[in-house]
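You will see two complexes here that share chain A, one where it goes with chain B and one where it goes with chain C.
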Partner chain A sequence: MTDPAVSPIRMEAVTIRYGRALACQNVTLSVASGSVYALLGRNGAGKSSLVRCLLGEQRPAAGRAFLFGADSWKTRRRAMARVGIVPEEPDAPPAMSARQLSEFCRRVYPSWDAAGVSARLERFGVPAKTPFGRLSKGQKGQVMLALALGHSPEVLVLDDPTLGLDVVARGVLYEEIVGDLADRGTTVFLTTHDLAGFEAIATHVGILKEGRLILDEEIERLKSRFRRIRYASRLTETRTEFGTELDAFEAARVRVRGWGIDAVVSNFSEAAFDRFRSLDGVEDASAEALSLEEIFLAVAGETPEKADEAKGAGR
Partner chain B sequence: MRGFLAIARREIAERRAVLSAAAFAGLVPLAIPVARGLTGAGASEVRSWVALIVSAAFGLGLMVAFGLSTLAPPIASRRIAFDFGRPVSAFAIWGGRLAAACVLAIVSALIVWVPAGIVGAAVPWRDLFPSTSLPPLWPLILLAGLCAIFAACHAMSVIFRSRSTWIVADAALLVATWLGISAALSNLPSFLAHEPRVLAMRAFALLLLTGVLVAGYASVAFGRTDINAAHRALSLLLWIAVGAALLAVNAYALWVMAASPADLKKGFWASPAPAGSWTIIEGRARRAHATFLYDTASGRFRRARVVDWNRPAFSADGRRAVWVEGRDGGGPFEVMELALDDPKSNPARTRVFLPSYPALLVLSHDGSRLATVENGVLSIHDLTRGKTLASARVAERSGEVTGFFLGDDRFRVYRQTDTERKTRRLDVLELDAASKTLAKKGGGSEFSDGWLLLAANATGDRLLVIQTRSRQTWLIGGRTGAVLQKLAGEASEARRSAGFLSDGRIVVAERSPQAARLRIYLPSGDEEESIPLPSARPIVLGGEVAAGRLVLGVGEERDGWSNLVDVDSRVVGTMADRLRPAARLASFWQFHDGPEVGSDATKLFYAPDRSLIHLDPTTGERRVILGKDLRP
Partner chain C sequence: MAASLRIDPSDATPLWSQIEEGVRRLVASGALQHGAPVPSVRDLARDLRVNPATVAKAYQRLTDAGVLVVRRGEGTYVADAPPPMSRSERTRTLRGGAIRYASLAATLGATREEASEELRAAWRGLDEKKGVTP
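Here is the complex of A and B:
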């Protein structure tokens, strides 16, 4: 089992290149045992490349990825006995049925719960004898999840597992992951665009933007320091210029609307907000909590300069 | 191993449809004879051939298809991540697929064969390999061949799918490999190194197979889900392996070609020059047939790249040697020469080219002229100017002709031909290079059927003729070809060898199962005396170490010895125990190359282990030329 002192997942200054193109640059992160780490980023941000490096499927141009404290490129085979994987594109041999895939896995894993896999597939409603290539995308994902959990992995890696799934399939997926977490405290590393779906499950979040990890934080703390502040701003006799009143909150994004200012801040505190409300020229100020998706949009949807500022605020 | 077997099993299960296709293809050999209306033996033969061709094509085709499709596409599309996401090694992923491909190809080929086999088709091995039998390790060779096809196709698939700039380097290195292996192998035939050539080719093929298999594995192990990385790893390993193989093969070829006389194995032959200290030494060195010109006085040597086990020829004064070299062991042929009296000389081209290999190669006394006979055409060449002075057809076939120079410009030809009366006729002709005329000088004597061995005296005015079948011996006029005297009695069980002594007398060694003797004849052919020899064992006439003192080799190689016979006093003494003379009093291959009296050639002996010993009977000085001196 995982040594609690050793992070089951760790990356040290990982850089990934495809020829001259840089996919990831100097990414360093660590995932504690039992936590659920959601790696977020826009398409092409480098999430899947990072996952491949983590799983020892691709060698980083620089830096190293570790699974259970060992270099995953060098110790991939041993590590994979303790890792379950749900890939972005279900990649099982198309001619094999789910049952045959389970049988294949039984031969290669030290321990394999074939009955558990069958039960899960039954629960998902996936036909066990239909060739994998003939299953729908959602069913393929469910087969991959069933296989990923078949050997009771200590680490579960999901690369955008909800991509292309309908609402029902997504629900089943969440349910399985939550169930597995509840049962065995599996460490989960996932990349996703389905922020709302995983918000309730994730304990940590990282945001990749243009290959750089611009945010890496516990999700509760992240949510507690991000707020949307809306207020009307006027010049008065004593207030002769705009723009400095949000400095204390370290704004991640500021938009000027017809009715006033709409800002997302990354360093919110109630005390500072009380002081803000009493500022001369600030009227009708309100602060509201943000969802993970809103935070992501504020951080990853802006220019790199702003994003760097947000990251700095998070450290 | 679990992973290897699991993946092999999965691959076989996934592709088992090819077995059904094979069963369907197995009907083709049955259908073709029916469609062509053949019956009986004809139908059976057609069935056998079609079954063989279809099954081989099916099996090989599958290996090509699997090699192209089982690994490179999944790497390129990253679908191979399914396997890399399991606790299986890269070797299992590579080896399992390779094993599955081999199993499917072999089983499919057998399935194709089965229907024809049931109705009596047999593999036509004898028609395929009429002169060779199957090598004992043929199943391994077949398996290695299948693996090579798979690995090579995988390599091509990876290279073309990666579409990286490495492909340019691959193409360049492929050309370099071709040039490298050509460089290594092309010179070996001219060194008569046929066995090393085959060995080098096999070693290269084996190293290449290993290289391509290891490179294929590396592409999977180090490429994993990155096709560009797979290509880099594959190319790196492949070209390193190929480079190492090329280096090894080239080094081996150079090593073979750099053989020296010291590398000659037991069983070499020495043919000393008639005068001087040079000798031809030929034998097996580093698995090749090597011919050296070797100076027994200084130890200097030069290798003669003769064609097809032929020997160089010496001039009678022992100062020049010539031989014929071919290109890659074939024509056109050029005459090469070596000035033996120049310590710094190297083999030099004479610019005399011959369209085909000469059956006869004779130098004039001083080596300035060369006579060759190719396809029955006699030519006299001037070696100093590289020009052919005269040519004339002297026989239908080259093997019928032999001869020697009379001065620089005249060459006497002895032509022997079969007659309708089943006899052997000997004619004498002369080609004059100055007047460019060929004239018949005499001959017409007929001998009983069988090849005639000829040996001339120093002036060429008399000739010894030994009939190989009956061993009868005659003395005939060298210019007229007329029989002067019949020597050494009627045909009998006796085996004879003969030659001229330096004073013109004739010596005939005669051996029957009961006794041996040395008959001495006067120059006229009249018998002068008969010297009984102490042993009835095989006799070799060596040279004269002094006038009238003849070396006689007795016995076989392992337990022979040499006697020294004083033909005047009739004393037969033991000269050297366990040594046998290297030179012959008369060579029946070429004229005028019997050793000069007292020359180094008369003092060269073979020891039982085939080392070459120089022994001077007058001083008793003994030294080893080649090999070890195992004195009794």
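Here is the complex of A and C:
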């Protein structure tokens, strides 16, 4: 079984290249047993490359990825018995039905839970006898998840699992993942664009931007340090330079609006805010918590310099 | 119970704390009666679509505080005589809610008078629900 001292997932200075193109640069991260790590990033940020590297499907140009403490490029076969995978592009022989696929897997995995797979397919509402090739993209993903959990893996890797799912199917997927976490304490590593859906399920968040991991943190801590501060700025005799009032904060993004200033800060504290609101020329100051999506936009949606500032603030 | 537990992942209060406060509120208002069963960690986590560890943390704190009791092999229940909230806890909870409401009102650009009037109207609404004539 899992040695608690060994992180099931670890990456050490992973760099991935495709020819001359750099997909990931110097990525180091570690996922503790029982955590749910959500890797976020815009399209092309390198998320899928990193997943393929973790699964031993892509050899890193430098650095190493580990599953259960073993180099995943060298020991892919052995680790796979303990890992369940839902790939970004669901792939299976198009002529085989979900039931036939499950039957096939039963011969490969000694501990295969065929009844559990059927129950899951039923909850998802996926027809068990329809050939895989005739299912919708969302249904194919659901078959992949039902099969991925069939051998009770210790680690579940999901590459954009809600892609192509409607709102009802997404709900069923969250419940399935939450149920599995409750039953078995599975470690989950996922990439997603569905930030609102995984906000309450993820325990840790990583943000990839242009191949670099610019943020890697526990979600509760991340959310406690980010706030949107809004205020009206009045220049006075003692203060003539605009913007200096924000000096106590690390601003990830500042916007000047007609009514005043809208700033997203990454090192919020109640004490610092109390001092801020009593500053000369700061009026009607309010601080508002941010959703994960808003934090993501502030950190990864702006110019590279801004993102670097936000990263520096996290240290 | 999940339907009456309102949680907001984008709120500044951590989710476990929102669940903890929510359960306390339901017990205090009588919506959850003394001795009544509460959903399992697994069921509540699924209904709320939150990490089960978050629900487990809230339940653990509520159990430590004597609000909930775990009966081995049976499940989790509201205590037969849950302790009233301590004075400081009560003040803290009240103040936290007030700060959240005041920030919301400020964000929406409401005046103090407007915000206070909404608060009075909300009180009247609660009184009507309870059948209390003002």
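Just so it is clear, the second predicted complex is superposed on the first by the 314 of 315 C-alpha atoms of A that agree within 3 Å, B and C clash if a C-alpha of one lies under 4 Å from a C-alpha of the other, contacts with A are read in each partner's own complex, and residues count from 1 in each chain.
The rule is short, and it goes like this: a residue touches a chain if its C-beta (ideal position, glycine included) is under 8 Å from a C-beta of that chain, and two chains touch if they have at least 3 such contacts.
Everything numeric here is computed off the predicted structure, so don't read it as measured data.
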Which superposed partner A:Gly258 touches (first chain B, second chain C, both, neither): neither
Touched partner set for A:Met96, first chain B, second chain C, both or neither: first
First, second, both or neither for A:Glu57, with chain B first and chain C second: first
Which superposed partner A:Glu220 touches (first chain B, second chain C, both, neither): second
Partner chain(s) touched by A:Tyr174 [first = chain B, second = chain C, both, neither]: second
Contacts of A:Asp284 with chain B and chain C, given as first, second, both or neither: second
Common ground on chain A, meaning residues reached by chain C in one complex and by chain B in the other: none
Residue ranges of chain A touching chain C (in the complex, touch as defined): 34, 36, 171, 174-175, 178-179, 181-183, 196-197, 199-203, 220, 223-224, 227, 230, 284, 286-292, 294
Chain A partner contacts - residues on chain C that touch it in the complex: 7, 9-12, 14-15, 41-42, 45-46, 48-54, 103, 106-107
Footprint of chain B on chain A - complex, ascending: 18-19, 52, 55-59, 76-78, 80-81, 83, 85, 87, 89, 91-93, 95-96, 100, 104-105, 107-110
Chain A contact footprint on chain B (complex, rising order): 2-3, 5-6, 9-10, 13-14, 78-82, 84-89, 222, 224-226, 228-229
